[in-house]
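Structures incoming, each one as structure tokens.
You will see chain A twice below: alongside chain B first, and alongside chain C after that.
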Partner chain A sequence: MHMNEIIQTLMPWLILAAGILVTLLVSVIRVESKRPAQFSALLTLVLTGVSALQTVSLPGEAIFSGSIEISSLTRILLALFSLIGVLFVVGADRYLSKEKIHLSDYYHLLLIMILGAGIMVAAKDLVVLFIALEVMSLPAYTLAGFRRNDSRSNEAAIKYFVLGGAVGAVFLLGSAFLFGATGSTQFPAIYSWSRQSVTGSNLLFAAGHFLVIVAFLFKVAAAPFHFWKPDVYEGAPTPVTGLMSTLVAVASFVTLVRLIHLPALDSTGWEVYAASIKTTIRVLAVASLVVGSLVIITQKNLKRLFAYSSISQSGYLMLGVLASLQPGHGIAPVLIYLFGYVFAAVGLFVLLSQSEPRGDTGVELVDLTGLVRRSPLRTALWSVLLFSMAGMPFTVGFFTKYFIFISSVGSGETPLVVLAAMCAVVSAYAYLRPIGLMVMRDADPGAAQWGGGFWSQLVVVVSVILVVFLGLMPNAMIQYLKGIPLIH
Partner chain B sequence: MITSMILFPLAGFVINGAWSLWSARNGTRVSPRVSGSIATTAMVAAFMAAIMARAQIPATGSIEVDCFRWFSLGSLSVDFKLRLDALSSIFTLVITGVGAMIHLYSVSYMEEDEAAGKYFAYLNLFCFMMLNLVLGGTLPQVFLGWEGVGLASYLLIGFWYREEANVAAGQKAFIMNRIGDLGFLIAMFIGYKYSGSLDLTTVEKVILPAGVGTSFVLLIFLACTGKSAQLPLFTWLPDAMAGPTPVSALIHAATMVTSGVYLLARLSPVISQSATGMAVIAGIGAATALITAIIACFQRDIKKVLAYSTVSQLGFMFAACGVGAFGAGVFHVMTHAFFKALLFLAAGSVIHGLHGEQDIFKMGGLKKKLPVTFWTFTAGWAAILGLPPFSGFFSKDEILHQALVSNSGSAWLFGVLLIAAVLTAFYMTRLYRLVFFGTPRMDQAKFDHAHESPVPMALPLVLLGVLSLAGGFAGEPVHLAHPESALSTPTWVIMIVSVIAAAIGATIAFRRYSVSEVKAEPTSDVFRIDAVYSKLFGGGLGVIASASQWLEERVVQGMIRMVAAVTDLSGNMIRVLQVGSAQAYLLMMIIALVVMVFYFMKGVV
Partner chain C sequence: METSSSLSFLLTIPLLAVVISWVIPKALQRIYAIFGSALILALTVYETSGILFSSTTEAAKAYFVDQRLEWVSELGLSAGFRLDGVSAWFLVLSALTTLVAFYLRGIWYRKQPRLFVSMGFFLLFALNSAFLATDLITFYLSYEAVFIPMIFMVGVWGENQKASAVFRFFLMSFAGSILMLVAMFQLMSMHHAATGQWSSHLPDILKVVANVPVESLLWPGAGFLLAFAIKVPLVPFHGWLKEVYVNAPMPGTIWMSAILSKLGVVGVIRFVLPLFPAVIKEYQGALLAVSAVSVIYAALLAIRSNEGKTLLAYSSISHLGFVMLGLFSLSSEGSNAGVLLSVGHAVTSGMLFYLLHQVEERSGNLDLTTSKGLATAYPVLFSGLFIAVLASVSLPGTLNFGGEFLVLLNAYRASALCTILAALGVILGAVYMLRFFQRLGLGKTGTANPVDVLVKKDLSLADLLMVVLLVGIVIYGGINPGIFMKG
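This part shows the complex of A and B:
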């Protein structure tokens, strides 16, 4: 392939990479003002997103000797990541100023995270994947500790870093085993090895595959690998928590699905192996659903609440992962769920960042009391987004859950669906209680003041519009995402 | 025509909702009169549309309007479509007709309320959702309406949110309904699994294997017990009386609570496949009818008596469905909508006239003071007692008849329902007697100030009074599959028996409360069901959640101690960092990993 073609194919990624350099540069040249870096980041993200969307329907192409594949899936994901980036650049502005941590570094670190995530979902080589994972994670550790004078933020950064290190270590060990078993680190080679291998009971392969999967289960915090999440969520600056919960989660989940599909699980000789993988995922789904849905009820701190929420989301997504192992579904249920989740989560975290600084305590449920009297519009926005989280009809959250359930029923996971539906009912309480506090209580004397400014409110409104629109007319999104094949 | 029927309330909701939000921002007030007129006009228009749509239905079959492709996934595709047939038509007429009257009534009733705009927006929203529920052509659409009416009901119960009790009542309603909805959701998935479609026309014809069929029926019925307040989930309905009275009339008597009956009737071909399921429905229905009729005899609050009465009447409807007489159940839905809405609105008129008094032992002698209310209430009273020729007579009689003669009916069922009918006559007459007759038991000043309601409130009363009187002559509005009769007891025997039963109950009550000095009776929670539930639900889930939280913390702390012990031994290397918990988390994850790897390997290799 010619250099020209490679550049063409990689254009969105190259724009992003160039934008990172520019942003870094302007932030060094104009130290006293954050606007140039902010503007440069925004421009970079918009260009990246647009160029990814423009080429989205082009056929997939493997480049760099097959270690990266640029396809519809990766392009649409890069566009989604850029959108998340734009929303968190625009939405975080007020928060960063309020917390007195408005540094230009926020912008280029954010861009690097997006680049890492964008490469990770495109990687077709375990080594490239590992590098991308680290490119995504390192800025995230820094950002988690962005509130330098807050001990909680520092603690969160270190915890995230230590846990992230474990993810890397486990992943590398697994990759080494896989290399030992198959003689390659490239996905297609591993795949074709698995088709030729008479049996799926190669110890080295099983250990390796299992470890790379577990590494990403750490990353998505599926129970019982979830313990780090509430602490990190609570301590990190709110927009950064939002990034973890959206950008990192989407990239990690898509990668997880791709890694599970590394061997040809449907070829003969692999039945036992495939069954084992399924059992493992089922166990994790049950654990995540139960832990997430029960423990969320007692949470008073809103960020911890959303941490447990995301743990239970991992549970629902596991159902989607199971469905993806069934012929005919592909990654669609997972992808649809992730998109729906992201649209609501971005709005929620930006809303959460609109409270006046609460220092060490963080935003508690009590800060929401009587909000309807103080700010009816904000209450309405909160309510819609929380409804979406609870999976109430008329919001995108209902449909995404519904699809996960329907596809799982189709793949014979009815008992799990029953459990998941029960968990949805139980955890609905946790999402609706904040609404009750906002609408039906008078303000507590100690309740925080809320104020977001125009731009962050705009981000929330965009998120709410997406949530409601897709809740009423989900078909376009579904049809589109359904057509996207999972790459091997 | 069908589309415009659901669009009118939606438009009303949007207008009133936007107006309320806008004026909340600017600190101005929404005029209750204008906003109420908009909402009422929307409902009247919807009612017109419902009548015209009714005329278009072919003799057998239905009209379907495909609005748009809602979503599709794999082989499954779901359209957003409206389907009108005889069954849904009855419900739309009741919803829009009774709904329009209650909207009109509300214009006066909510005149003083500063949040009237919000109130009318919610009320229109409710009607929109309710129409979606009964017109939905697919299960997800019905579910959408099902959840939507729950939401509107929740908002309206807690409408006067400054009182803690009202908020608690709203939450209780919500939680109980969520439990029921779970049944709906799972049943929907079962239906999909076996019919391969979510279309009602397909699902209602599906033949389910025996065991699955029973669980399907029971799950659907679980949903109904939530929404239609049957045992064991009925306790939210009496508490829901915390909302404004017209809301009680519309949502918690005439429409939303009957959606369970609609769902059973809609799915009747599937439901009747399971004899066990049917028996459960009949049994629970009859038990609910009896138990809540007993509770109603011990209430002092005028609205609570009517609320328990509603639960009891719904029990009658479910008993009818349980013996296969779905048509009789729907018939009773219709007549009940007339007379119970009337009774609630009349009660609201009494409360309004007495400036908020709800205790029937502090009323009395209001016959002269509130003549319109009195005469219309009399019509409602006669209808619920089942006195001929009032509407309730026909429908209740049909239910009693079917409970006895149907294949799946029995003398037991008939007996229980008959006792419930006697009790109904008793508690209604007690209420009637205490409110309107005898000497006033309130301060003279209050009695003197008592006044008849203005025309917008009186007009719906009169209209509903006429319907309560004559509505029964319409006869069974839909002809759903009739049950086989095992007995040939003729109808007239049952008629006489049921009229005698009503007469006995009424006479006892009249004599008991005719003494000149009526002794106030305490309200009694006869079966203490509420107390037990609040322990079970309020406590139970809380306990489980706290226990999980505790466990989670305990595991973490145990690990931290363990790590601390290990690092102490190995020379305090990492202690400087003070992030013991991070190590503990890691340790736990590694332990989990090791366990899983071993398990996994054991399976594979």
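This part shows the complex of A and C:
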């Protein structure tokens, strides 16, 4: 392909990469003020998002000898990542000043994370995927330890780093096995190898496939690979927790789905292997749903609560993955679930960052007591977003769960849906209890003060508008995302 | 009147009332609630009068209305409503019950009255939407929406053990409705498999289900039946009921016993019977037996209970057992009799709980072992209670008589044994209701009664008015049972 065409195709990614350099430079030149870096990051993200959306309907193209494929899926995901980035740049402003960690580094680290995530979802080569994974993860470790004087933040950074290192190692080992078995690290080559290998999987391939999947199961914290998550969520600065829960989670989950679809599971000779993959996903789904939904009702710290929430989200998503393994089903349920989750989660984490600091304990349930009298608007915003998490109708959270459930029933997973629906009810208790505390209880004397400032409140309002608008009129989103094929 | 606008009207008016209740001053909430619900009752009767008062089912059919609004066609979500001979009566009942519940004075008008009134109107909206729904998901959502106000009722104005009552209520009901939801998903995926389209509209589903073998309808049918068996409730799914009824504030109890239990009845008529005729046919014996056992078992529990509210709670289960017996007789006359008896039960149980609250206000408790002889002190109140008791034991000339008679008649064709068993329940019903009245009202005034009991006033004129209205309905319906049977 001609160089010009490559540049054209890669334009959103190139803008982002250039923006990182500009932001870095700007923050070095004007050390005393954070505004230039902030502005440059915002501009970069907006340009990236717009240019990704502009080209979204163009056909997919494989570039760099097939190691990256730029398609509708990757473009729409990059646009989503840019949106997340914009919201966390605008929404974190006041939190960072309040915690006295307002450094320009936040902005370029965030941009690097987005670039990593954006490449990761486009990678069609295990090596490129590994590099993208590290590009996304390294800034995340740094950001997790951003509150340098806080031991919990340091603990979170170390835990996240050690885990990330292990994930990288496991992934590399798996890639090596896959290379050994198939003779290539490129997805299409592995796929066609699996089509030709009529004998079905061999042990080396199975081990490699298993390892790369396990690496990402750690990353998305599907039970039983979830134990790191609550501690890291609790210790990391709240906007960074938000980034992990949205940006990193979406990128990792999409990658996980693509890795699961690495071999052609429907080709002859692979029936046993496909069945065992399905069984594994069922086990993971049950474990994540049960652990997430049962433990969440005992949580008093809101960041830990959302950590368990995201563990149970992995469970619902596993149902979507199972449906996508059925011939004729795409990954639309998974994508729609991820989008719906992100729109609510951004608002929730920005809301969480609005409490005034009270030592290093984070936001406890007790801080929400009597909020309706102190701050009615904030109570309404909290309620809408929590309703969406609980899957209440007229919020986007309803459709996302509903779509996952009907497609799972359609692919014959009825018992799992019964379990998932029960877990949804149990965890609804955990999401609705904070609303009860806000509305029905008087303020506890120890309750924290809340104060967000205009910009962070604006971000929450944007998130609420998205949640409600897509909750009332999801047609366009569903139709659009349904048309997006999974890349191989 | 037969335009679809009447449907949207019946649904939007209660919602509007919810909104208005937030701007009404606290002191005026009761007045607003009473006039608002009376107005809604009048409008409901007016809008449905074509169906309610036409002489035959054929004549009523001219007024049936179907409406369907597309929502998310990609996922088969639409809002479908149908006003017919069954739903019309339940709409009137839910408005009437709301009026009765709002009419009661109590702590709910002193503690957070705005929340109480808005939740009451929201409940009315959710009930109406559930009674009208012909779309699986619309029905499910309305069915679940009913819980929100009920949880507030018990949680905010409930009595001693409200937390555990709320929890049990929540758990039992959701366990059932989740299975119903999954059953709906199964039906929808059958539709998807057959046509390639998602739809949750009942007529669409019915077309597809007709070609599906009975075995694969067994589980969906069981899901629906279980949800409704919990809701009604049928023995052995009645475990949640006593604690919730007793700990709920009296308006909550009235709503639950008079109208919430009818969600199960309407659900069976609207969804279970048309969707799973073969399944029901196959298990008819078992279903009739469960209904008959409910009648007897709950009546025995009522005989054993020593607290007024508990006794009436069990009597509710017993009467609803009759209703289900009628429905499971699988004849249209049986279904109609079930509707008639549902109306009768709703009105009489509303009246009983209403008057029971008056008794409780005066004697301080409803302990049947200690309080007695209250009729001497409150002749008017106890006259009303006596009429309610007679209506409840299905005295000929009251609404319940026709219902129970026709239910037994139709059930006899299906199963003589179950009918004979259930008929014993009529006798047991007389035993516990008369015992209830005798313990509370008759005899010498007990020493256990607090001294100030006798100085309180008898039934007020306003309360008397409500009793007269309800008695009027009971007797009018007792004379004209035909108007309730247009299913």
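Here are some notes:
Heads up, the rule we're going with is that the second predicted complex is superposed on the first by the 487 of 488 C-alpha atoms of A that agree within 3 Å, B and C clash if a C-alpha of one lies under 4 Å from a C-alpha of the other, contacts with A are read in each partner's own complex, and residues count from 1 in each chain.
What we mean here is this: a residue touches a chain if its C-beta (ideal position, glycine included) is under 8 Å from a C-beta of that chain, and two chains touch if they have at least 3 such contacts.
Everything numeric in this text was worked out from a predicted model, so none of it was measured.
Of the two partner chains, chain B is the only one that A:A166 touches; chain C does not reach it. With both structures placed on the common chain, the touch criterion links A:V28 to neither chain B nor chain C.
In the superposition on chain A, A:A421 contacts both chain B and chain C. Look at A:D231: by the touch rule set out above, it reaches chain B but stays clear of chain C. After overlaying the two complexes on the shared chain, residue contacts for A:A18 are found with neither chain B nor chain C.
When both complexes are overlaid on chain A, the residue A:P474 reaches chain B and chain C alike.
Set against each other, chain B and chain C differ in how many residues of chain A they touch, and the higher count belongs to B. Under the contact criterion defined above, the residues of chain A that touch both chain B in one complex and chain C in the other are 393, 399, 402-403, 405-406, 409-410, 414, 417-418, 421-422, 425, 429, 436, 440, 474-475, 478-479, 482. Those residues of chain A that touch chain B in the shared complex are 155, 158-159, 162-163, 166, 170, 200-201, 203, 206-207, 210-211, 214, 218, 224-225, 227-228, 231, 272-273, 275-276, 279-280, 283, 290-291, 294-295, 297-298, 328-329, 332-333, 376-377, 380, 392-394, 399, 402-403, 405-407, 409-410, 414, 417-418, 421-422, 425-426, 428-429, 432, 436, 439-442, 473-475, 478-479, 482. Listing the residues of chain B that touch chain A in their complex gives 21, 24-25, 68-74, 76, 140, 143-144, 147-148, 151, 158, 161-162, 167, 170-171, 174-175, 178-179, 181-182, 185-186, 189-190, 192-193, 541-542, 544-546, 548-549, 552, 556, 577, 579, 581-586, 588-590, 592-593, 596-597, 599-601, 603-605. The touching residues of chain A, counted against chain C in their complex, run 393, 399, 402-403, 405-406, 409-410, 414, 417-418, 421-422, 425, 429, 436, 440, 474-475, 478-479, 482.
Note for the complex: chain C touches chain A at residues 72-77, 141, 155-156, 170, 174-175, 178-179, 181-182, 185-186, 188-189, 192-193, 198, 219.
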